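Submitted below is the structure of interest, expressed as structure tokens.
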Amino acid sequence: MAETILFYALAITAFSAAFAVVLQKSALGSAFALIVVLCSLSAIYGLLGSPILATLQIVIYAGAVMVLFLFVIMLLDVRREKGGGGPRSFVPLALLFAGLLVLQVGAVLVGSELVPQSAPFDGSAKAFARRLFSQDYVYVFEATSVLIVAALAGALALARRRR
Amino acid sequence: MTALTWPQELAIRSALALTVVAFLLGLFSVMTYIERRLLAFMQFRLGPNRTGPLGLFQPVADGIKLFFKEEFVPQAANRWAFIAAPAVAITTALMAVAVIPYGGAVTMPRFDLLPEWLRGRPIPLQIAHLDVGVLYLFAVSTLGVYGIVLAGWSANNKWSLIGALRSSAQMFSYELALGLSWVGPILLAESLRIEDIVACQAGGIHRWNAIIQLPAFMIYLFAATAEVGRLPFDLPEAEAELVAGFHTEYASMKFALLQMAEYVNMITVSVLATDFFLGGWHAPLVSLQSAAGVNLGLLWFGGKTGALLFLFIWLRGTLPRLRYDQLMRFGWKVLVPAAVMHILGTAAVILWLTR
Amino acid sequence: MTASSPLPSYVPILVLGAIAAGFAILTILFSHLIGRPRSTPAKSATYECGMPPVGTAHARFPVKFYLVCVIFILFDVDAAFLYPWALVFRELGIFGLIEMALFVCILGGGFAYAWKTGALDW
Amino acid sequence: MPFPDSALSDSQRSDRPPSSIAGIMHANLPGGVVMIREFRGDLSITVKRETWAAAAVLLRDHLDCDFKLFLDLCAVDRQGRVDRSERFEIVLHLYSVSTKRHIRVTTPLPESDPRLDTLTKVFKGANWFEREAYDLFGIVFRGHPNLKRILTHESFVGHPMRKDYPTARRHAPGKCAERVLDVPQDSQGMVVNLGPSHPSMHGTFRVQLLLDGETIVDAAPDLGYMHRNFEKMAEARTYWQIIPYTDRLNYCSPFMNGHGWALAVEKLLGIKAPPRAEAVRVVLSELSRVMDHIVCIGANVVDLGAITPFFVTFRAREAIYDVLEACCGARLTVSYVRIGGLAQDVPEDFDALCRKAISAAREVIDQADRLLTRNVIFVRRMREVGVLSADDALSYGWTGPCLRGSGVAYDVRKNHPYSGYEQYDFDVPTGAVGDSFDRYLVRMEEMRQSLRIVEQALASLPGGPVIVDDKRVALPPKSAVFENIEALMNHFKLVFEGILPPAGEIYGYTEAANGELGYFVVSDGRKCPWRVKVRPPCFNLYQAYPRLIKGGMIADAIAIIGGLNVIAGELDR
């Protein structure tokens, strides 16, 4: 019971913060709203019984990615470039992608039962780690590192061109 | 002993949390006094000695003064971010202490004043027993950047901003080394719970991670000093360069909160070093663990933490600070590779030993 | 979550968070109430060593700062993998070691590239 | 009885064979040399304004001249003087390290057209000196890259050092210049003021920086925040009334400024202080040097974040202050020196106090040495930071420990011994690279050498009077003033009429803690000097500062300024 209430509270927080991300006028406000979204999500992971996902969510998204966002917002002086208000031609494209997302989520929802199954599930860190590093995911895991290196190379290349 | 109901458990945890916060803030004010007196001693000065016996009331006087100081927000500042920054800083600093064990369990006395279910119950001195305690610590420490970046940026002061930039880049660089230095002890304990890591070191000094994981301990000490911005890594607020760094424009209690956050962080990393590397509340020799039937765990714990805090002050009294590029080079080119190498090396050795 | 405890393990953290945030907010409020602001233009001016500042502080900053941040994120992910790996490493045995060594080596290649291109120098 | 002044009249009249420099000048600048004089050993060559820059180049580059060290450039206003045809005169002082010679080059400038070619292309150090001459006298230097006011406020009206400047005029200064630095509008960097109110700008310096992140792209200093025009004040004081003002020049080693001033006036008068006075002067000057270096090193390292060495070193400073206090009652503004000697004899426990100070200094030097010299962080912060080559250092006019740090072994005490320095055995340390660390090492070694000198001077401290027995210079003893009329009249006349030196001009120079402290004194025979120009060593040092920090980081800027030991009182005067 308590968990249900908590879940809905978190869900509403996440949802409204997500709206705030889009509707906020100031970029900084958006960023903070996004941090709220990420923290709520993290709490929901915790609620679902996977503390490790919850903390990883904080470590990577709230702790690192959002700091980069904040950095960019603060140090690039986004306010100065606010005036123009983006070209209109992006609107159809945005709608298209939004529609695709809705379809995707809808497909997942339709294919599954809406009532959550409370199958026994070990969300402990050890169980998580065992799955992650088992033979099943070894290629995916190694591919991740290639992905990271690719991202790194991209960032370096961009930075070099800027100079 | 009967199991606790959840309100009882919640009451115990809340009381513990309150105690820890109060204790940390108390320790903060004592630390400011001790630091000033110790530095003065190292520098042939007297230090604060006028307020009360031996100047012991100096922190109280400072606190009162800071409370009554004028609050002001610079004209050019981003008002709400400027006010929120110290709150963010102190909150993240205090959040980190949740999963840290402060000593074994304390058995509640059988006072009549206490409710029936509490009497004689051993209470572990740890606010939350999280399955992923170390990861949680890592998460909270990455959040510590927010307060500083926000403080430095919102003031709209160039020196603050440079301080905030330096600080955040420094925290990124050393956080990594800090987090990686913990992996060694995790490998040994096979647990992300700090209480397990402490338990793993029971049985004498030769089992302490500071001995068997010496490189990790060294990396941790460097990284922790940089993480909390103490000399020789105090670049974020290098007063000779950046006036006062990210808190240049701060005054009164907002300034005090930023200062508090720094000291709380310093205490936290000392406590963590004790737990991760110095055997927590375990005595260096098993025979010294208790005297006259009393468990001296808390005493050992406090002593080790105090020694580390003294080390921080000692460093400040001895060393000049690094330059920014030297700092970054040391963090990225020495500590991070060393930490990764050490992890793989430790893993290989463990494998070889448990063959 | 410890099975024996009736309380989810994250609840005390929320309590602590509430206490910390409450303390911060109360302190700021309290000092706001008792410290009377007497603002003057000179006092609320930005401090720049006693000179009127030239331009705003919110200028563009060199790309290096972002670069460090990006590199940090990437290695943060690396660290995030190392923690759970360290947890089950003994069960995985030599397979786990090779798996992680490979991972670290690939990342190390990227790191060496960053090192060589001078992204870590200032 | 007048002071001997025959040298002036002799050399002006005679057409005796010119010295080799004069010969070179005549040969290379036909018709350009107007007059060659020698007074009290100072060689002074007057050239036509058209040959000004050419003369400077010749003196710098000719192998037999080799005047590479730029010392000083200043203007003199001769308004109302009958002995000169033109109103203004520009005076340049140069030194040749290889031939150990000073030279003065002057050129007259008419009031109607006070313009002259700039020397900024010949000597890097000429830049600020020319700005100063422009600021204080209104001399315009053609081709100067940045001819703006330097010491006075930019909204100041008039040129204060001109003789006809109404000194009673008051100014309400306008707003300060927001920009000192020329930054192109499209530049990406951030302009930041470092100072005047900044923790590591000891005194009140302001440097405007153009930053690219942490890196300094460009820098421009703005000075004059402590300017009180010592030189103008000196023109309305008698020679000994000027002594207290000298204490406020380099206030870290006040005694040495007075010492230099007394020697300059004694040179003008053609007298010598008695041996005991000279020996005591040497003792106190060397102790002051130790004190100054202590402040320099202590402040430098405190800016690098090491607080403890600062307090460690300052203990010796206390012991040295005790010596000065015992001698004259004052610790900072000592005013202990007098023209022709000292105000009074040293106390009985002088020797003991000095030895205490020496041992205290030895102890702290050793401690600081252990704390710093092999400290990896300290060495890395100082090595290869703020490097200036010997040639550039000479061109900028660097002297003292900083020049020696760049590898040029020029020390006035060795090259031109005064006050009996020739009797003492000491070494002149030099550096190899010319970076901040070399300057630090040179200062450390100089302190040890100074203590050696003090010990030798104390061991051979002669007896006798501490001031010359000359009624035209020294006040009679107080007891005599109270008891006999001659002494009373003598006292009265000296106090009211002052010391009356012969007309003439001399350049008196000593090795102060920061380098060559020069006093260019022009006397017209009356009780107040006609013109006093201080050659403040750190004016030249600080001029090179923007160049030293460009391309470095903010932290380097802090490490370098501490090592240069720029003192606001001396810089801004």
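Think of it as A, B, C and D in the order they're written, each chain with its own count starting at 1.
Please note the rule applied: contacts are C-beta pairs under 8 Å (C-beta built on N, C-alpha and C of every residue); 3 or more make two chains touch, one makes a residue touch a chain.
None of the values given here were measured: they were computed from a predicted structure.
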Check: Is the C-beta contact count larger for A-B or for B-C?
Finding: B-C
Notebook entry, point to check: Between subunit A and subunit B, what's the gap in Å when you average each chain's C-alpha atoms?
Noted result: 29
Check: Quick one: subunit B and subunit C, Cα centre-to-centre, how many Å?
Finding: 15
Margin query: Could you work out how far the Cα centre of subunit B sits from that of subunit D, in whole Å?
Written below: 52
Item checked: Per-residue multi-chain contacts in subunit D, two or more chains -> 190, 192, 198, 213-214, 553
Next item on the list: Would you pick out the residues of subunit B that each touch at least 2 other chains?
Entry: 130-132, 135-136, 138, 142, 153, 158-159, 165, 168, 172, 192, 243, 324-325
Checklist line | Per-residue overlap in subunit C, given as positions that touch at least 2 other chains | finding: 1, 9-10, 48-49, 53, 56-61, 64-65, 69, 71-72, 76, 79-80, 83, 87-88, 96, 104, 111, 122
Note to self: If we use the touch criterion from the header, which chain pairs count as touching?
What the structure shows: A-B, A-C, B-C, B-D, C-D
Notebook entry, point to check: How about subunit B: which of its residues touch subunit A in the complex?
Noted result: 78, 81, 130-132, 135-136, 138-140, 142-143, 145-146, 149, 153, 165, 168, 172, 192
Margin query: Under the definition above, what is the set of subunit C residues touching subunit A in their complex?
Written below: 1, 8-10, 56, 58-61, 63-67, 69-74, 76-81, 83-85, 87-88, 91-92, 95-96, 99, 102-104, 106-107, 109-111, 113-114, 117, 119
Note to self: Which residues of subunit B touch subunit C once you look at their complex with the stated criterion?
What the structure shows: 3-6, 9-10, 13-14, 16-18, 20-21, 25, 66-76, 83, 86-88, 90-91, 94-95, 97-99, 127-132, 134-136, 138, 142, 153, 155-161, 165, 168-169, 172-173, 175-176, 179-180, 183, 186-187, 190-192, 243, 248-249, 252-254, 256-257, 324-325, 328-329, 332-333, 336-337, 340, 343-344, 347-348, 350-351, 354
Check: Inside the complex, what are the residues of subunit D that reach subunit B?
Finding: 190, 192, 198-200, 211, 213-214, 301-308, 310-312, 315, 371, 375, 377-378, 380-381, 553-556, 558
Note to self: Residue numbers of subunit A touching subunit B in their complex, please.
What the structure shows: 28, 51-52, 55-56, 58-59, 62-64, 67, 70-71, 74-75, 124-125
